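Both complexes shown next keep subunit A, but they swap its partner, so subunit B is in the first and subunit C is in the second.
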Partner chain A sequence: MRRVLVILIACYTSVAIMASDGISFFGSLQHDGLFAMTDEAIGTESYSFPYLSNTYLNLSLTSKWVNAGLRLETMQAPLPGFEAGFKGSGIGNLYVQGNWGWGKLTIGDVYSQFGSGLILRLYEERSMGIDNSLRGARLELTPYKGIHIEAIGGKQRVYWNCYDHTAWNLDFTKGAVVGADAEVDIDEWSERMQQAGVTLNIGASWVSKYQPQDTVFYSLTPPVMYNLPRWVGSADARFSIGYQGFKLLAEYAWKANDPSVDNLFSYKHGEALLLSASYSRRGMSLLLQAKRSQNMSFRSDRMSRGIAAHINHLPPFTQTHTYHLADLNAYATQLQGEWAFQGELWYTWKKRTAMGGRYGTTLRLQGAHIRGTTPQSWVSMTKEAYYTDVNLELQKRIAGKWYLNAMYMYQTFNAPVIEGSGELCRSHILVADVKYVTSDKVEMRAELQYLYSKQDEGQWIYALYELSLFNDLMLSVSDMYNIGGTDLSSKLHYYMAAVTYQKGAHRLMASFGRTRAGYNCTGGVCRYVPAQKGVNLSYNFNF
Partner chain B sequence: MYRHYHYILPLLLSLVLLSCETIAPDQQLITLEPTILERCVLLTEFSGIGCVNCPTAQQLADDLADDCDGRLIVVQMHPAANSFTFSADPLYDYTTADADVYYSHFNGTATTPFPTGVVDFMKDGNAYFIDYTTWATAIHRRLNQEPTLSLDLTPSSEGDSYMLTAQAVNHATDALDFRLLYWLVEDSIEGRQLMPDGKVSTDYMHRHIFRGALNGQWGSQQSAFGKGSLTDIVDVSRYCYTGRHYSVVAVALSSDMSEVIAVAQTDLPKESQVQDEPFVLNVNGIGAIGNDTTIVVTAHHTDPITGKEEMEVRGSIIAEHIYVDTERSAADFDDQLCIGTCVNGNGETTQLFDFNVAGYSSWFAHYYPRDMQPAVITYRFYNNARSLSLTVKYQPED
Partner chain C sequence: MYPQLQKIIFAAALLLTVTIACGAQSIPSVKLKNIEGKTIDTGKLRNNGNPIVISFFATWCKPCMRELTAIDAMFDEWEEQTGVRFILVSIDDAQNVQKVRPLVDGQGWDFEVLLDVNSELKRLMQVQQIPHVFVFDGNGKMVYNHSGYTDGSENDLYQKILEVSKKK
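Entry: the complex of A and B
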């Protein structure tokens, strides 16, 4: 704690001194808390602290040549549902970055992504408790126009392992991740291509992780242990080509033998192939994507489970839904292998046309279908689907001050595969979202959602009413009710009332109500959140 | 920079090639010298009927136990506190309050991923729970540690009583004190389980299910003793000859509850020594009843508290998941007070599931007739394997 205070005072003093030299200082504070209450009906857990919270303070300064930043985090009594290692306090991120014309060198905690992230994606996602940065260095070079080269290396952050060793997690004999990436934008070398609206990009990456041998036994009699590789390498190649509104992307990633708890200590290599085609023009866009991944879990710690220690990220190919009931069963990328297909079509009919009406109409059709891979052949898939999602959404301004969003969605969710328990669930979901803008200062919005299913907990209904006043204040009340529960104990109301106030750089939200137990998913990564009841507080300040 | 690219590229290529270690198929496993296994180790497995990977873990535990030739004792607990464990269905409820106490001691929560396990009650690194893919490693480490205490369970029987004598021998130079726990474990229970293919099996064989702590969750504190032995006797008569695969696991736990010092297990006799083992016991104190239809005559009597005329029957059964249906041929009742044996119409079926560690359930019925006419009620107790009819005739006292 004393170390933190010294750093803060040093930062403040430095800023005060350098403020006159064109140096910018900014930051943000985020605090999310919960006064947890017990509610046996929904199955809340008991906590040793009455108030649970996660707090982040970001401080950054930028100048012509040097940038620096740090992030202080405290979650001594974290919000429910985070993994055990998430609890702790200290400096979660610290870096210094030097810039010079064609290069940039960052020392400290670094983030990066190579291509689509199939072999490296280092990022922070606070809602999931993810921060898999490397503590080391990152070098970015642009030696010539259209050429981007990057090299990165360090020890991965796994929660608070930066405090595990006296060397502030710089002991690379305990493990390290290194990598390099090169991308070439060929169109930047050709004026003809640029004039024709053609883009052509090729890229290649390499990432390798080092981890000392672990003693892992295969059998006890006779005692046989695994010969685990200390270095595991991976490579990625990609190209994309675009012409006016069309774009094609292909990316292939390969990973060497990487026996771990994720793949039950298999020595098979991993691979992933991603294909994407899109077309967009004014008023329309089309996207088609396919992905096959097999044994592509890539962690800096072969013994890790859960959401920690991932080096790469496999995109889920499913849409993240913002409507409650549509997001009730969210998909988590299956690390052992999957075939995923996704398509999306947006079309906007102009105003004053037959389909567009007076104000125009936008229709969106989206679908996703995911199956597992099987060993029969490279193209074979499991008979059962893991996940299917087809939804049709209509966005329309139906009258002067009235706006409508309506959606129908059909979903199949293979819970035993995705969550490890439950049953195959088929649902039909209807959503009506109506907004009424009375004036510049007052807006009202109401949502009504209905989910029909014969499996799991049956039918659900959700209603929300939201009132925005003077651009600063928002009030909302909502309720989610399980009308299909087979016994009284499952017919529960999950009510919530919230007030949000925003003024300048400050945003304060307070709410009271119940939250159902379930999975919170972002980008194909999910964490289980237990049932909660209580008063939620959230404060954000940007300066 | 451009002049040096012909050095940089080969250097980078070398780095790429060196940073990838491919293990040939014949080098993936390393066989070590076998060591003499000196001690017994306890694997406490946490599982749930809604957990899709738990059958794989149970098989792995069985394989490890076979590998260890009796030196590994596996106990499987189903804590109600975890989301993979369903306790709402009494027919397939393997949860116990004792299991939740141990689960909480190991810092288990609703979100702890299953399957998982704890070896010898010890932490592995910073946490108690060990992923099932690495159980073998933790078990091997413990198996090769010199034991400070050895523990044996020796059965003895005399008449209807069946006793276990636990003998602990201290091999350490210092005096040793510990807590001695006795756990009831049941094997080979056919029931429901979510399988790795996502389908529910209704005839899955559950192994090593923890049924309860016989002498309290944290057992009895044993006094410190030096070189030599200590004995303790526990009466397990009620769990014998029940038709169920019971065993008792004795656990010597360090007094600070941080380590299992020694563990032993012994099976309890399952089969009855008497043919046609009683299924229903002690009807109105009469004693064991066989499998044939039996007629019991019982009289109306005046309830001293209510002053009402009532007919009463009570009894106990010694198997779980017994169903009973009733059929009456005469008499109407003003009121009834009963567990499972209320008569609301012909052919009513009820499940008796007041199961407890003792292994038997009680049932009773008090009927308050409108008049003093004789009544005949037939009870049929049954499960998948057996059935017993019991006909009770109620008639007014002379």
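Entry: the complex of A and C
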């Protein structure tokens, strides 16, 4: 213990000395908890502990030459919806990074993304329970202006495997992921291109994963095992060009045969194509995108399910809706294969114009359409659509103190394909979101949402009232009620009352109510959350 | 894990927590592209001795949109009175990042926007929830940070910017 104290004092002294020389520290503490209550009407699960919680303490040091970071996590009784593997406590992330101008070397738990993430995206999204970092090293080099080269390798974090096998999960014979990426910004070599506002970028990546053989039987009589590939490689190439407000991106990714539980041990290769075109100028923009993906689930563990062990990132190619009823049927990427299209048009009429009125008006038209792929040809699609939504949103300051957001959405949701059961649902959704500013210290906001459908549970209604006081305190009450459907057991109120207090870097929230079972989507990832009732507590502090 | 090492790291974490409370913080150095495709070093962001605001957001974050819409309505006045430089940092991943410029232009916003597709700046500055705003004074030292959005909290943000501005 004496040695520990000596080490700590030495570290503290050096840090204190360096603190006067451009070193910065940042930290955050986050605690989310639930006093869970049983509610048979909504189908809550039962838990062994009365209080479920996830807590994180993050620390980072930044300076001219060295950065370092540490994250401590404790989830002895994780929140509902987090997979069983999350239970535990310890160091979730630890790294040291050296910078020398034209290069950076990170040792420890590393994150990265190649291109659009079609073959590699390593990141943390704690509300989803995602942390797929690699424990190893990451080297980034900029040997010449416009040229970026990266190499990365390590063992992927899957739940608490940081403590498996050896003290530091560095047994690469159990599995490893390696990759390299190169990108060139050609416009940085040409002053003429820069003056003309032209950007031109090309990139290429390679990622390979290693996993020892698993015993998986192709047949039991006679017993025949799959000959599973130990190394599975993938590659990506991309090109983008921009000229003032125009931007075009094309990216193609390919993956070698990768039999796994996700694709029922198919030996077909995977591929993805992403195309994006946009034009924008102040007050107006148009975005059109298309994506074809097939068999692109890429995990470091072929036997994993759920949200663990993903190496790449294929978010749903749809808008992430934030209004409750618009998000009731959230789409999830169909990894076996899909064609997805989405588009978005924004237009803002300036203030003091005929359409803009006194304060201006903004309109957004957005749509998404997704079908499956078929074996007939590379371009063929299923006759049935998996998902469609078209929505029109209006943002307007109506009068001095009144603000309005209104939305209409038409949605089709193919539940048999996306969820495995149910029927094709067609819904019309209306939202009115009104804010009234009474003074600098008091504002109130109300939402009213209505969903009409002849399928599934029929009609829903949602109402919310929020009162903000003194810029720091917010009180809210809401209720979501199923007014349609023939099953009386589905006619339930999902009520919630919440208090949020923010002061500087502190944020405390307490709420009581019911949450319906469904998908919670954040940042393009959706996680199934079971029905819940109880008191939620959440505290955040940044320092 | 080795118990002794675990004790050291836990104790060091505690000590660092105390140290952090005392230390000054400036914008870490990360090379990010802006929405025009130009690479910017965040460690070299300056504003001629005037305040800088860094605001983390994402295209899918509704409270972020409400906060930025509220700030946009008053930004001309803020800039005139304080000389503040307001920089948005998008944490959208590389597939969603194609939506950032269309959203910013479509809304008619005049903010500078950086694209943190790999969440490097977000991790270094310990941003966990968005929206998250930081205010740096004319010497580049952090004087205020605030996560989440309550209607009207942009008024508190402006008061902090005024406090540190040399143009009062």
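Convention: the second predicted complex is superposed on the first by the 517 of 543 C-alpha atoms of A that agree within 3 Å, B and C clash if a C-alpha of one lies under 4 Å from a C-alpha of the other, contacts with A are read in each partner's own complex, and residues count from 1 in each chain.
We take it that a contact is a pair of C-beta atoms (placed from the backbone, for glycine too) under 8 Å apart; a residue touches a chain by one contact, two chains touch by 3 or more.
These numbers come from a predicted model, not from an experiment.
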Next on the checklist: In the overlaid three-chain picture, which partner chain does A:P78 touch, first (subunit B) or second (subunit C), both, or neither?
Outcome noted: neither
Next on the checklist: Contacts for A:Y111 in the overlay, against subunit B (first) and subunit C (second): which applies, first, second, both or neither?
Outcome noted: second
Next on the checklist: Between subunit B and subunit C, which one contacts more residues of subunit A in the superposed model?
Outcome noted: C
Checklist entry - Of all residues in subunit C, which touch subunit A in the complex? => result 1-2, 4-13, 15-17, 19-26, 28-29, 31, 36-37, 39, 43, 58, 60-62, 69, 73, 91-96, 98-99, 101-108, 110, 117-119, 123-129, 132, 142, 144-148, 150-153, 155-156
Checklist entry - Given the complex with subunit B, which residues does subunit A contribute to the contact? => result 43, 45, 81, 84-85, 143, 178, 180, 206, 208, 210, 214-233, 235, 256-257, 259, 261, 264-265, 267, 303, 305-306, 384, 414, 416-417, 420-424, 517, 527-528, 530
Checklist entry - In the complex of these two chains, what residues of subunit B are touching subunit A? => result 1-2, 12, 15-16, 18-23, 25, 27-35, 48, 50-53, 63-64, 67-69, 72, 83-84, 107, 109-111, 113-114, 126-127, 131, 133-134, 136-137, 139-140, 143, 194, 197-200
Next on the checklist: Could you list, by residue number, the parts of subunit A that touch subunit C in their complex?
Outcome noted: 4, 7-8, 11-12, 15-16, 19, 22-28, 30, 56-62, 64, 67, 69-70, 72, 90-91, 94, 99, 111-113, 115-117, 121, 123-124, 126, 142, 163, 167-168, 185, 187-188, 197, 199, 201, 242, 245, 247, 249, 274, 276, 278, 280-287, 289, 313, 315, 319-320, 322, 344-348, 350, 360, 362, 364, 395, 397, 435, 437, 440-445, 466, 468, 470-474, 500, 502, 504-505, 507, 522-524, 540, 542-543
